[in-house]
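By written order: A, B, C, D and E. Residues from 1 in each chain.
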Amino acid sequence: MSVKQKEKPILEVKDLVAEFTTAAGRLRILDGIDFSLFPAEILALVGETGCGKSVTAKSIMNLLAEQVCKRRGKVMMDGVNLLDLSKKQMRSYLGRRISMIFQNPIASINPVFTLGEQIRRLVRIHMAGEITRVKSELGCTTAAAIDRLAAANLEKVGLTDVDQLMRAYAHQISGGMAQRYRIATAVLGNPDVLIADEATSALDVTVQAHILRLLKRLSAEKNTAIIFITHDLGIAAQLCQQVAVMYSGRIVEVAPTAELFKNPLHPYTRGLLKAVPQLSRKTGLEHIPGTIPDLRNPPSGCRFHPRCRQAMERCRRLRPPLVETKSHQVCCHLYDAGNKEAAWAKS
Amino acid sequence: GQKNIVYATSADVTTWDPSASYSTELTYMVNIYETLIRVNPPGSKEPFSYILTTGMQASDDGLIYTFDLRKGVKFHDGTAFNAEAVKLSIERTKKIGKGAAFIWSDLEKIEIINPYKIRFIMSKPVPLPQIAASAYASYIISPSVIDKEPAWFDEGHECGTGPYMLKNYRAGESWMLTRFKDYWGGWEKDQIDNILVKISNDSLVKLKMLLSGQAAIVNAVPSDSYKAVRDGKKTKVVYGPSYVNYIVFFNTARPPLDNVKVRRALAYAFPYKDIIKVAFDGKATHSRGIVPKGQFGHDERVFQYTFDPQKAKALLKEAGYGGKPLKLVMTYVAGNQAETRMAPLMKDQLKKIGVELELKPLSWPAQWELGKRAEKDGQDLFLLMWWPTYSDPYETLVSLLGTEKKTLWNFAYYSNPEYDRLIRKAYETVGTDRQAALEMYIKAQNIIQKDAPAVAIADAKTAIPALRRLEGIVVNPAYPGGLFFYQMRLR
Amino acid sequence: MGEVLIRTQSLRTWFPKRKSLLGKPGAWLKAVDDVSLTIYRGECLGLAGESGCGKSTLGRTILQLVKPRSGSVRFDGTALRNLDFRQLQPFRPRMQMVFQDPRSSLNPKMTMLKILAEAIRANPDHDGDSILDQAVELADMVDLRPEHLFRYPHEFSGGQQQRICIARALATCPDFIVFDESTSALDVSVQAQILNLIKRLKQRLGLTYLFISHDLNVLAQVCERIAVMYAGQIVEIQESGRLFSSPGHPYTRGLRDAVPIADPEAKQTFVSIKGEVPSLVDPPAGCRFHPRCDFADRLCATRVPELQRLERHRSWIRCHRYRQLNFNQERR
Amino acid sequence: MKDELKYKHLAEQAAREHRRERKIRTIAFLKRKSAAAALLVLVLITLAAVFAPLVAPYPDQGKGAVNLGERLQPLSGKHLLGTDTFGRDILSRLVYGARVSIFGGLFIVCAAALIGVPLGLWAGYSEGAPGVVISRIGEILISFPAVLIAIAITTVIGAGLTSAVIALIIPWWPWYARIIQGEVLRLKRMLFVEAAQMLGYGKSYILFRHLLPNIMRTVMVMMLLDFGPAIISIGLLGFLGLGTQPPNADWGLMVWEGAPNLMQQPWIAISPGAAMFILVMAFNIFGDNLQDYLDG
Amino acid sequence: MLPFLIRRLAGLVFLLLILTMLVFGLSRALPGDVAAMYVGLKAKPEQIQKARLELGLDKPVHVQYLRYMGRLLKGDLGISLRTHRPVARDLKEKLPLSLEIVLLALLISIALGLPMGVVAAFKRDTWIDSAVNMIGSAAVSLPIFFLALLLQLVFFNWLGWFPLQGRISTMMEFRDPLPAVTRFGLIDALLAGDLEYMADMAWHMFLPVVSLASIPLGLVARLSRSSLLEVMQADYIMAARASGVGETVLFFRYGLRNALSPVLSIMGLSMALMLLNTFYVEQIFNYPGIGYWALASIFSLDYPVLVAITLVLGAIYVLSNTIIDVLRRWVDPRIK
């Protein structure tokens, strides 16, 4: 954050809290999320299963039904808190300002309509201006203009044989193609923010590479800011400028990528990095002991303390504050004013 | 305008071929076709009315009958009626051999004397007038259609001399009887032009149709509703005699009903009065022998079983069935309203004398089929609704209890040579000496009452619910279910 | 080391694809097509390749869970292919498999104890009285506590479920275990736990593994040798270190380069293999990889390359041009 | 030895925990008003059926004894639901008729499951010929009107509740076979089946130890939801006179017997019809709730 | 698509073959003397014997069956034992009557049930939702004969809004019948331009159709609700929402089509169920269709009619399922 202080963030999430009401009672899934996203920035959001990455994404998009999930806090975009918007008001944001792609690309395409039908509808929704432009330029019908725009959008994400593709159904195409198609539909309204929720986890490495390259290009060309949610620290390292590490409903550390990998501050981040298998590393893997907390009765204080080797008495009682260092933001008692030295010493 | 009525009924048509007809289509047949003579209802001055004839002479030995035929009668297609038509019709019926054709089995030949005089020569002195007036197998058909197959008729074609013609036949659903302009009897004011027949098996529907005025006449309403219809402002019930009676056969071929005492015990245990009240709305008579009241052969001298549980118990004890309850099975027709009401009453009473009666309602074919095979392993009691084909007790007596090589109707599996001989003799005597025949019939019936292979429960009455506006409804038991629309007047 | 535990020879597993009207297969899906490989006792052989290339099928064929169409599998000297159900039974406990999806591998209606007991009983020479003791021992071996034995699968986390699966595989005292993507559904930290466990067990019990994964990083952690599979065929078998430093096959290289490295310094560009995975029903003629290969020439398009033995012991490659191509340089 | 005791203790504790959890869930389930109401209705009717001789005001009339003195009485204190054409107390007959509905329905559903489930298991597990043959037979039986089957059976063994029940089971079990077959085909792809195969266990072992426990839930829900249709079907056959025979009570038969009097004495037909409606509705609501609860 | 249709057709032929064998075999194996029934009440032994020869009943069963099949191929279904009319002819008259009310009932159950389910899903957990749920449960729980009687009692006896029975007013029956073009009464009346006739017929059909429609209506309403709710949870709905597709389009266009497939399957079942239910409904409303005929034939063990009806019902069952499957493929291209 400190690097880009001069720029204004395009998206700011402040103290986002999400609570689910389930049969088991109220679950506080998000426990105060804070981060900012700057134009053209790719931010990685990493963390273990169930730590709330997807809920964060869906909360930002305002996609969760109010009855199931109560949210507090702010998701600021252009000075507007998205959480305050009604479904109807939200429509002027979704797809236009902020968009999202999901883990399973095939499942996120409606199986009973052709790809063409679906993308055409989105063209109609988001590209009204272009449609009239193309119509007047080429002197064709609206339908033809829509077709043309749809095809152009598909070609932009590197899909070939577009005519045939538009006539295909979701189950007839490969995962890689499906994800390209989803990206095409997601960025068709030129959103400023794209959230990619594990967008490549279901794909092969070779296909994943293509998709990652595509996203990188997109971000560079269109100034789209991307939140890339992933398990894979490799992707975070290679694709993103900033990395946010999440643990059980909180972001425990945010830092520029190089900084984070070189100098992880939070004990959880450190553990995570040591657990990543790497071709080059010959030494054995280390793992974080214990398991992720049960959200039905989360640990008091710092939610990570039961698994933390450096846990102190304070960690058990107090929720750690957000501490800003030169390049990091970290949520840990080790970096409280009084404790700083101790922490540095230990690391 | 026209006088139209709706007749709602369950009496469906099994065939339109007058030679083969032997079932409920009789209702319509008597309006479309005619017989040479017609039996009059009991209590009439004359035993017969002349229809297609004007006179009849019998020889003393009862073997030769000569008829004078009516002149100026036309068939529905315009063909003239004459002796040839009569001869061809009867011969066709005999040849086809379906339905009630057996009534002509003692006919030797028919001689045409002139176009309007014809002679029937019999091999035995059987009661030919009754036969010629039979509700089945005695209709005169136009020579123009005499060669047609039954299938032709079954499509809804006809060609008779009757006052009504058939129109718009929709099998199992509805059809119309419409006035034959050139009917020899001529037409008067208020006679009915069209009768729409609507088939309905549901007595409730028929009741509602009648009450709402949709139907002018129906063949039945729910048993408990007769009072309401009878007392209705616009509706009435016309009662009349009927030859329909309900008979219980005892399986004499196997224990315990092979024991006459047990059979008699049962006969004393049936609640005749209750049955008449609940099943027949009080409008039936306690049977006296298996020949129904009103028919020739029915007589006060025939012994009658009455409801007497004490006696029944005593008889059972005598037969050695005093202690443990006796288990018996009774079959009856599931759809028959009277029978479904009789059965529980019988069961209830028999229980009181220590007989456990299991009720087994079946469809008619199933009941019949079981009855035919049942000597060893079928029902013990067989409840039958019966009506004679023609107005002579012989058919009833021989069919139901005469010795049979293969069971057809004798569900008692009863055989008594003396009885067989007696009724045959009576049958052959009736043409010449009616009184002697009657004595023989009474004797035969008393044999039955003593042996008790079967006991008749009730002789039904015909009850015809109709609108009060519809007059002239005449019940003629010789034509069971037959409605003579020609006699009716709609005011 | 050096003793052969498993040897397959020209193994072919074809699945009938869509039946014609008469019920005869119209076409075959050649999931495994001409695979010959050797697994030595005590080693861990990795199996890498893209999704759908037949990795799982190969593993299952070796274990005789699917019957091959032709070729042979020898386990400890015995040809397994022609054995019937009964004859196969003594071999079953000696070979086990651990799947990718632990949740579906555990019967939701059985407690962990029942699951383990079932496996223990499957071993013909198990000690009948002490099933509970053995179960406790097994639980201990996979770092679960005895009280876990009485829980149902849905009461465990994903990592714990995978531990149960491993314990079940161990219960029969096998010689050989196939791990089919056993860690790919897990989080990194849990994955690390499981990988460590697997490695530890191998050392402790002297097991032999076939370790299937699409994640080369993971394979590098546990395997001595790695086989790379492409469209039903093995294209290369290499010692794991060499495979990364100097991959022989263009496909292997492409695969290697596509894996993101968790080190921002590495500066990867995500240049990857072009094109899509070929259909297994009618794979390309010649070298199956040639349509996607940057180095293919005419020969590659027409002639099927043989799996050739490299100079180095226990290394094989299936490529016409591997001598010309030298990917010896370190990764870019 | 000591260890064993300890494990035994642990096992007991686990079981206790399980029971407690189930209890909590059950209580939550019963807190749903509709479920509780439905269950109450079911329990009441079942109790009435079981203790018919005690519950019915006139037990012998419930069994068919006539009482000509009190024919066609309207509702009154003496006869809460009036009397029928034989003077029998309708309430008593309803109570006895409940036996037919409940036990007949129970029998049909159980028998259909007992036939259908094993066949479905077999068809699903062995694929190939048995699967095809069983599903073909099922298809044929399903497309065969039950009334005709009832007729056929009636002509052989006579009309009665037994024939009606048999006639309904015949086209009923294929549904179970069909659903179970699908379920087995699904479960068969689960990896635990393969795991068991790998341990050397044979088909029947896997079928009964692994697949069967996993389909029991489906079967239970299906049986519960089938109860209503089964009861109605018995009623339908009773209505046609192909089911229970008079003078025994059966709700369908009672509607049929009462139908001719619908205009003057509507209570005769309406009470059994309404009773059947309430019972079936209770089963349906309870089944729906249970399904929700098991799925959720 | 074509191979699929061919396969289904082959299946149909196979099914009919088995059905004929079964029913034919049953009709011969079961007690009940076909010849005696043919001759009718009070038949004499020699008449029965004659009929036996006439009907070919003296031949071995397989010969009889082959003969029957031979005639069947020519469209001859034999002769009714009860009415002695060609079965095929009656079938031609009565089947359309029943199909007409069954199809109308199907139409109504969809036209009402689907919107009910959709609205309930859309207004999930509101009073509308619970009302639809209640109505749906009640509709499937009503025994059909009871419902029919109740409708008669209320709408004829008490309110007098609808006629009691039959398919047209008796007044109309005194007029000449309409030319039978399609044999569907309403359509024929429309073709003949006789709107009065048509209205009268529709008025008579109302109560039978309502009775028939009750169960399918409940099924469709409940199923479309639950299916739609399930579909609305799917990833692709979430994805479309995230791309800015409006809620109404999402629900009524994207969601509905996905939810339709199970609803369609239940319609195939409903069709078969309703055809069986005509047995009761037509009896109660005195509606002269195939159900009424079947029931009358059942009680008189009119085997040729029963065989024919079984065949027709079997064929309709398979055909309607085939149509439904075609529709489902059209709605959902994933179905293979």
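Before moving on, here are some points about what is shown:
Definition applied: contacts are C-beta pairs under 8 Å (C-beta built on N, C-alpha and C of every residue); 3 or more make two chains touch, one makes a residue touch a chain.
None of the values given here were measured: they were computed from a predicted structure.
Shared contact partners of chain A and chain B, listed by label: E. Shared contact partners of chain C and chain D, listed by label: none present.
Among the remaining chains, B is positioned farthest from chain C, on the basis of C-alpha centroids. Between chain C and chain E, the centres computed from C-alpha atoms are 56 Å apart. Chain centres here are Cα averages; for chain B and chain D they lie 47 Å apart.
Rounded to whole angstrom, the centroid-to-centroid distance between chain B and chain C, based on C-alpha atoms, equals 89 Å.
Each of the following residues of chain B touches two or more other chains: 202, 208, 334-335, 363, 366, 369. Listed by chain label, the pairs that touch are A-C, A-E, B-D, B-E, C-D, D-E.
Taken together, the chain D residues at the contact with chain C in this complex read 3-4, 6-7, 10-11, 13-15, 190-192, 194-202, 209-210, 213-214. Across the complex, chain C meets chain A through its residues 50-51, 157-160, 187-193, 195-196, 199, 214-218, 220-221, 244, 254-273, 276-277. Against chain C, in their complex, chain A makes its touches with residues 48-49, 174, 176, 204-210, 212-213, 216, 231-239, 257-258, 261-262, 271-280, 284-288, 291-292. Partner chain D is touched in their complex by these residues of chain B: 202-204, 207-208, 211, 222-225, 228, 274, 277-278, 334-335, 337, 340-341, 343-345, 347-348, 351, 359-363, 366, 369. Residue ranges on chain E touching chain D, taken from their complex, read 14-15, 18-19, 22-23, 26, 30-32, 137-138, 140-146, 149-150, 152-153, 157, 272, 276, 279-280, 284, 294-295, 298, 301, 306, 309-310, 313-314, 317-318.
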